[in-house]
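Each chain carries a letter (A, B, C and D) given by its place in the written order, and its residues are counted from 1.
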């Protein structure tokens, strides 16, 4: 049984962000997942203060800041998948989603404390809703961020709506939101079989052994390619 | 047995882009994958001409343009995972990687022709190498693009190096590149078990049935939340 | 006499973000500007609650939320140029910079209330500092955002540092930061001469008159170009 | 008299990209500018081969590659402002716009050859047209790129359209496109008065003198702020 958490970053629990998140989670339920929505605006989540820059190991679960983020951490730790739903405020997530992301560093940074990012192998989806534009700018930022922390992005894990009006009238977008829930859940099930680590620090040794081989191959390539390139370039330099 | 394809978007097969790609593929091999590198600069790959905008169904495999992209399509179709390695040219991929991405629309757009994106469920990783900056701008763009086409992004599927000098001297970056190969391969194995579809167009019917339920819930929420918000907002409007 | 405001989004007023901002403002002073730094972490700035989505005209100066943002608004309104300095938290600005950006909508949205964005024609620069990566992702987002509000981005208005260690040891970065201050100040002086509006809503009439001309030209082009394209595309469709 | 160049990156000179570019240039003409459109698809513009990575000074006007880019360089050098109009192909510019951007390095890199980026102080605007999404992702990338080369981004220098259908029916978008032309032209006129340099390498000396002052200030700040932060952080570390 997998657990999918929906984080709602909109203050409007009657708006399009919430509706798309709801439909994604219903699709997850349909596949047997247990689900829950957290309305982040009801929580007190303070700014990250960047302890990391003073002392790398200071940033760790459950964070030096004592606020409601503790409960969010624990919900995320219990979940197999997380769907982040946010309004688009200036082409990026709402302030509270941003603060949750920044504070998630305390889970990610466990890689230096305990050898493993505590969100590694969890599955993520993103829902973005605005009146105007910027949905891909937002989603691409979230993808790079979440994946750098160790999240998996399953196929078609994005859904967005960027127009005025009720999204419930737009069946194509609803279909996409449902498929975010579906894709996150299917992936969560698949990876629940997997018991190993994703990021393997022990490859470090192997890497240092294989370097020579790679050095040799690229030097051969240089021999061939660089001569040609060099001719072109030095020709110009002489002129 | 899974197959991992490396697309090298650098003209310099002796440079850092190539080296990191090579190490990623060696790590893939170590896990039992068969691998291949394609040096895209040796192929004639022309610009996408955007047929889609004239006629949505015109964009399909194998593309109206008759050039070497046909061979790239076929290699990608055979592969379970693809690692895109590119130099960073102005915070984005090199021209040839960009053209490959644009032309991949012919596989993605099969969703309208045959009901399924032909890259759905394949696994992707990204390697980006520059002298200066822009690696995340590049990777986030690639992630949003590839995932919109149906690719899976497995944990830590990114590796970058953004300094002058030989990357073979930087063990941390080599470790990250090796883990791109590892992560892509592990995921490719996991999903090779999965025989269903990811994006399910048949959810459309279910979606239209569930709408009423969602409408009801959000109207209840509106009742509660909106009254409060409304008070604040109309107060200002009156002033 | 121009006035350049520095908004410091870092909690660490002894760190690299602050240092680069300081050097930019010193360079501004050298050109005759008056300058000031505001340390945003010392202010209580709450989340935007997106009134706009309920009622477009509700979002206006001085914002429905009663907190320290009022003082920031007034400082920005007095300034000819604003330099935003922020640590890089997950490839994007710190939470407090994000909240300031979101709340600036109350100045930008005056375009619908009074016919003009109240930040139109002001000059902006961006300083981004991290330990790792993401500087361009952050800066490009800020640029698109600030310019959409009406800010001018003068040449080389960006400076970043993305390594551990004291930036005061890196003369090239200091030079770039100084030039952010210089460029913002020079531009602020130049545009202080300009008394007109930048975004001219009165062009609306002219636009509707010129449409026919553009229609005619593009139909002629279509005649020529489309025939050729059409041949290629329909050829495929028939196959 | 200022000169505004329009670079059309769409193969469809009858489509929405072309139409918005045309209207922007008409607005420029209205303000007295001379204008020209270049349809890049009619030019042979090859990939940048990244000479820079082998030899920094090899990248210079007019580029080692002998193709039609030479004519584009010369048109850009003559222009006071450049409007880049592009279709949105996977959230980023079309291949030919990408190649032009990459090859512009030969003008920008003159900073190392002759002390000054040859596009410094030129004015830029961006028009992006698609069927779906990604306009801000594209524009933000272009902004960061062009500004890093030395271009000025004047207020509201962006216009986009992201729907099916003829943009000539959407007066708001046409108004925005016209204002791109207006804003670029107004700024080009303003800066034509300015005879100095924007990026001043001679600030280097001043920078090294002012360092001590900044060091002193931030050490005082550290004294005050760090003690407080340190307490919080070390408290956790002890637990």
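Just so we're on the same page, contacts are C-beta pairs under 8 Å (C-beta built on N, C-alpha and C of every residue); 3 or more make two chains touch, one makes a residue touch a chain.
No experiment lies behind these values; they were computed from the predicted model shown.
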Completion exercise
Contact-pair count is greater, between B-D and C-D, for C-D
Problem - Numbering shared by both copies at the chain B-chain A contact, with half separating same from different - result: same
Exercise for the section: Averaging only over C-alpha atoms, locate the centres of chain B and chain D and give their separation in whole Å. Expected result: 26
Exercise for the section: Averaged over CA atoms, how far is the centre of chain C from the centre of chain D? Could you give it in whole Å? Expected result: 14
Fill in the blank from the handout: Among chain C residues, those touching two or more other chains are 11-12, 15, 49, 54, 91, 134, 136-137, 140-141, 144, 148, 226, 229
Completion exercise
In the complex, the residues of chain B that touch chain D are 10-12, 15, 41, 47-50, 52-54, 87, 89-92, 94-96, 98-99, 101-102, 105, 131, 134, 137, 141, 144-145, 148
Problem - chain A residues touching chain B - in the complex, by the definition given at the top - result: 11-15, 18-19, 22-23, 26-27, 30, 120-121, 136, 139-141, 143-144, 147-148, 150-158, 168, 171, 174-175, 178-179, 182-183, 186-187, 190-191, 193-194, 196, 198-201, 203-204, 206-208, 210-211, 213-215, 217-219, 221-222, 225-226, 229
Problem - Of chain A, residues touching chain D in the complex - result: 49, 51, 54-55, 57-58, 60, 64, 91, 133-137, 140, 160, 162, 226, 229-230, 232-233, 235-237
